[in-house]
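Each structure below is given as structure tokens.
The following pair of complexes shares a single chain, chain A, combined with chain B in the former and chain C in the latter.
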Partner chain A sequence: MKPSTKLAIALGAGAAFALGAVATASAAPKRGGMLNIVVGSKIPSYDGHRETTFGMIHPIRPFYSLLIRVNPDNPQSTSDFTCDLCESFTKSSDGKTYTFKIRENVKFHDGTPLTSQDIKATMHKLIFPPKGIASSRKAFYGMVESVEATGKYEVTFKLKYATGGFIPALATPFNFVYSKKDLDTHGYKWHMKNINGTGAFTFVQHQPGAFVEGKRYANYHLKGEDGKNKPYLDGYKAISAPKMAIRLQAIRGDRAQIEFRAFPPKARDDLKKALGDKITVQESDWNCVMGFSSNQKLKKFQDVRTRQALSMGLDRWGGSKYLSKIAIVKTVGGTVFPNHKLAAKKEELMQLRGYSTDLAASQAEAKKLLAAAGMSGASVELLNRAVDQPYKVVGTWMLGQWKKLGLKTTQIVLPTGPWYAKFRKKKDQETMIDFNCQGVVNPLIDASKWLSNDIASNNYANYQDRQLDKWYDQMNRTGDEAEAYSIMRKYEKRILHEKAHYAVSFWWYKINPYRSYVKGWNIAPSHYLNQSLDQVWLDK
Partner chain B sequence: MAGEGGYVDEQAIKDCQHDLGMDRPKFVQFVDFITGFMVFDLGESMWTGKAITHELGLRFQLSLQIAIMATLVAVVIAIPLGTISAIRQDTWLDYAVRTFSIAGIAIPSFWLGIMIILGLLISTQAWFGEPWMPPIEYVSPLEDPVANLVQLIWPAVATGYRYSAVATRMTRSALLEVLREDYVRTAKAKGLIERIIINRHALKNSMLPVVTVIGIEFAFLMGGLVVTEQVFNLNGVGKLFVESVQNHDYTMTQALVMLVALVFVVTNFVVDLFYAMLDPRIRYS
Partner chain C sequence: MSAAEVTDGLSLKQAIDTRSPIQKLAGLARRQPLGAVGAVLVLGMIILAVMADVISPFDPTDNNFQDMLIGPSAEYWLGTDQFGRDILTRIIYGARTALFVGLVSAFLGATTGLVLGVSSAYFGGTFDLLFMRFVDVFMAFPVIIMALAIVSIFGNAMHFVILAITLPIIPDCARIVRSNALQIREIPYVDAARALGFSHARIILRHMLPNVMAPYLIIFTSAIGGAILLEASLSYLGMGVQEPTPAWGLMLQGGAEEYVESAFWVAFFPGFAIALAVFGFNMFGDAVRDVLDPRLRQQ
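Take a look at the complex of A and B:
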């Protein structure tokens, strides 16, 4: 398989959808220039294996390479993965063995040559971390039995079972490849404070709270369209700017060219109005699902009819139309990223409670269910995060919807820290704005959020449902796409309809306005993806 | 590690808490902090893992520069305006200065900052076709003094204006009081010209309360420019304060509280020295 070959993995043949993804400029890339990025979050540490925030990915990812990655030229596809440090790879006929041929002549920034031992050491840290070493996505790799260096430039992964979730999990942008020498010499925590990768840029400096600076790595392993080594940029600065107004003004005033997370629709419109065609906008559905969950530890929400009624009270289709004008949410969907091969079609969604277009009928039935559950006119508290986009906007809309059912609603808004503490430690919330943000679109893994709470630590509805656990396991172990689709429908129906463990309101919507002279960057369905910057250039 | 909602292993969170020493009894953590503080070992930031002295050093330089520049702006505005207002009491000039200074107290400096940035963006686009705003990344004055000035003059003006408003009113009232003293009347009776009376006799004596106000405001600027720093994206002590609280970075928050307390103590000491300089009758023996 060639590096750019689209991988026809079992479940990943999702379509590249029409949203967003403007074509990369056809003009030949120009070399030179500094790209200034504004980043709205902070860097906890440099260790990708440990961290989960874009505040680390956006400034640090360009220093590192991955084994494979989402195709930077086609990141909207949920199945297009390309080699980064590998040259090619093969899958055995039973789907349980993957062999990767590693590129030769790749060097870390300190001059150490890359071999298969580095890949093995990195994967072991990620998948089988020793006690006391954090690997935040270790659970993604439950299918991996072993990782071995089967040659100087060959690595073999043996899986316990064939699954379509493996390749997308491997392409996770947090999987920075580290040097075995660094791990052996300095230990597994060295990368929290130090950087040595094989990425397109080398580390220059980090002024905490201010910026991270990188400069072009002349020996980067990928070639540009002009036949010379990428990257095209001389360097970049990732400037920390926690306030959205500053990030917006920075792009307007050309102090920064781009922000890779997202702006709300109003900000996009303001920028376009002020600068016209000097601003380009890319938009995309976002692999973040938003909804609410009801705490089933509380008696009030143990009656399934109450949970179903709360879900049925939401006017999803109408809400999408209006909220998408003011907030970073848009698409109505189920538990699977919209447009993915495993996602429910609209007609299937409409069979689920709360997804009917006949709002009056839904609300009437919701009132009956509440009455039957003894909850007519009851009070309901919604716990929310003190972040405008999209939490407070969606939460406020949700309360309005529930009021139409005759409920007395209260919204409790807490800053992020206390908010997390309330549902992770105290676990005494009634209902809460609940969400699931992931990187690579990988429904087989992403759907783990809805497993029983003794398995999924991010199940904040606090239920145990062994049927869901069983189906999840079956989905992950079948190599058959049609079967996985069928199980996913049952899984989704049980979560959203039969048991109403969770209610999806909308999927987030990513809007990236940026200076038009920035070329080569394509929006992905996640703000974690496509941040290597090796294909970005400035048309100046 | 919680990030934006992705999966987080419970064990990873426990390991992280162990690394940070947060699984130890509170009393042990407190004793550890106090013993470290005694030898100026402020420890490491719980958020970045870097030495707190390193993190503070970066921000302190910026906050100190802003505080000095804002003080200069305030003094340059406040002393002349306060003086004019006092010696032209109840004239249109006095009313204009008082309006200007009351507006300075009433307008939050962060709002003024936002207006300055928007004004720059809109006016430069209207005049030159391309919007311009000050840099959003700090450049040390030793590295590039012009770029440094271009960035910091705006927040210095925004905060200095509010600061000057307080000082202007204090200068005016103190000077009015001094101008009614017997020795000023004597000086006038002797035939001294007004400029000498004001500059040499009245102004110097009216400066004690003004210096006190300037000192308090200066100390406040070292840690209290929370919102203004965010408006201009300045990586100062105020911003660090907010971030460390948001991130539950207890070691950093403790160090910042100590730092701000120290700044107030030092500033008050300097103000006391100024008292002695301005009024020869004051001696600390």
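Take a look at the complex of A and C:
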């Protein structure tokens, strides 16, 4: 496969559906300028392998490169991947061996040349971390048997079984490539507090709680449209601003140009109204699913009828229409990212409990189920996160829906730390706003959330369902798309309908209003993706 | 013996007030106009809170998305919020939340402070010394920081919110009550009670407490306004009562950031309600102080 060739994977096309995506290719990129980004979260550490938050990705990703990445010019595609530190790759006929040719003449920011040993050391840290070393997405790589450096500039992955989930997992934006020298010299925790990558920008400074600053890396390995080395920008500053009003005002006052997570619809409208053409908006479905789960450790929620009733009480179609005006949620869907080839079609969804358009019938049935389970007029407590968008908005809507079933509802809202602690350690919540946010759209891997709780650490409903575990394994091992689709339907039906282990409410919806003179950035279906900034330029 | 002698210098008319209760109230209102305004506001708030179920035009927690973010109109006098809920209704029910949290917190805080302050003055010695240093340390913390710390540790269930608001009131009340109780402790009837062998509890509860009721009532009424403001502050910061419970600070928090430009009513009216309530209780508290304090009364 040639360097410029886009890497198509087995999962197939996955229609690009950029909503309002801006065509930027027509104008020739200009060089120079500083990009000011506002970031609504803090940096727990610099180590991408360990962290899971955009608060780290947005300021730190530009310092690093990946082996392969989602095509920055076509990030809406769920199957379009391009080489970053590799030049090309090949797949064996049985789909179990992938060989990557690594770029030569790439140097880390400290001057160390990149070789296949660096890729191998990085992948070993990610896939086979030693005890005590956190690798948050280790579970993505259950199919990998070995990673070997088969030449100075060649790396070979051997898989236990062929699967379409491998390449998307490899393109995860958290997979920063580290120098073997750093890992050997300083240990596996050095990158939590230190930065040395091959990314488009080099680290200048980090003022904790204020900003991170990077400057252009002159020896970056990718070329721009003008034939010179990228990036186009002289540098960037990622400014920490947890309050949304401050982020909005920063863009409005042109003190910052962009925020990469999302703003709610009202903020978009206000910015557009105030600044007109000076603001460009890109929108996209978002690979984050929001719903609720009931804690099956509690007797109250062990009766499947109760869980089914709670799901049937939600007016998903009506809620989508109105909540999309005030919150960053929109699309009604199942367990698979909407529009992906493995996602259920609307008519299939409507066969599931809670997805009928006949709300009155659903609510009547839900009341009957509650009565049969002895839960008529019972109290239900919802655990929620103290984050407005979309958690508290969706939570308030959900409580209103359950009230219509005659339930007495209360809500506990906790800041992020105590919120996680409650359902990860204490595990004493009744129901909770539950989510599954991923980077690269990879349903075969993303669906691992609904495995039994002794397998999936993010199963907060605390159930064990071996049938789901079996289907998940089958789904991942089959190379046949049609079969994967068929198994996914059974898997989804069991989760949402038969056992009601989880209830999807909506998929998130990403809205990015930004200064129109920022060019070259294309919205992706995740706030983790496309943040290398090497293709971004300022039309000033 | 003449009537003038009996009243020790006061005229008979002054000594025997023959005015009706309404005339007395009118007289009080003339002397304390701001206090009267405060009393009217407080009374209005109490009526709203008690009668909320009867006078509210809508259900405070029913979402009605068809009518989201409608401005003040004939149907929705103060408009609707982003969930289509009537803001007037939520303000009326919010008065119940504010008054409940305010009254309970102020009562618990002031009463605990009263008992501790009088006990500290009565026992004196090491207990008094240690207790007052403890109060000094307690008062060194900013009120909002202390309240935030409490709800962060224990959670933001209603009873913890009340606890968070109650605790900062205790040292304030204890210190003021103690200074009054120190004077009372030296009055001979307390010595007489001791000489008669009464228990400490009896002396404190029956002979000292009634004599510090004036400062207690002043602190209590003043603390209600502060407690309402603190509850609203906690709710605004997302650490107080939670949706769907109608609470003024929560309403402000939900609307201030996103809708202040395009739907001012979402944040304006709850904010105005908070301001009115705090103003009302503060003015009422000042008037109570003026009436109960003999020195101020003579002025």
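Note that the second predicted complex is superposed on the first by the 534 of 540 C-alpha atoms of A that agree within 3 Å, B and C clash if a C-alpha of one lies under 4 Å from a C-alpha of the other, contacts with A are read in each partner's own complex, and residues count from 1 in each chain.
Just so we're on the same page, contacts are C-beta pairs under 8 Å (C-beta built on N, C-alpha and C of every residue); 3 or more make two chains touch, one makes a residue touch a chain.
Source: prediction; values computed, not measured.
Superposition of the two structures on chain A leaves chain B and chain C fitting side by side, clash-free. Of the two partner chains placed by the overlay, chain B and chain C both lie in contact with A:Pro415. Touch criterion not met for A:Val504: it reaches neither chain B nor chain C. By the touch criterion defined above, A:Ala386 reaches chain C but does not reach chain B.
Put chain B and chain C next to each other and count what each touches on chain A; the higher total goes to B. In the superposition on chain A, A:Ala245 makes contact with both chain B and chain C. Contacts of A:Leu399 after superposition: chain C is touched, whereas chain B is not reached. Of the two partner chains, chain B is the only one that A:Gly209 touches; chain C does not reach it.
In the superposition on chain A, contact is made by A:Ile326 with chain C only, not with chain B.
In the superposed model, A:Met375 makes contact with neither chain B nor chain C. Remark: least CA distance from chain B to chain C after fitting both complexes onto chain A is 8 Å. Counting contacts by the rule stated earlier, residues 243, 245, 415 of chain A appear in both its interface with chain B and its interface with chain C. Those residues of chain A that touch chain B in the shared complex are 38, 42-45, 50-54, 131-140, 192-193, 207-211, 237, 239-243, 245-246, 249-250, 252-256, 274-275, 288, 415-417, 420, 435-439, 448-449, 456-458. On the side of chain B, the complex with chain A involves touching residues 1-10, 12, 15-16, 18-19, 47-50, 54-55, 58-59, 114, 117-118, 120-121, 125, 130-133, 135-138, 230-233, 235, 239-240, 243, 246-248.
By the touch rule above, chain A contacts chain C in their complex via residues 243-245, 264, 266-267, 269-270, 318, 321-323, 325-326, 384, 386, 388, 392-393, 395-397, 399-400, 403, 409-415, 418. Partner chain A is touched in their complex by these residues of chain C: 61-63, 65, 68, 82-83, 152, 155-157, 238-239, 242-244, 254, 257-259, 261-262.
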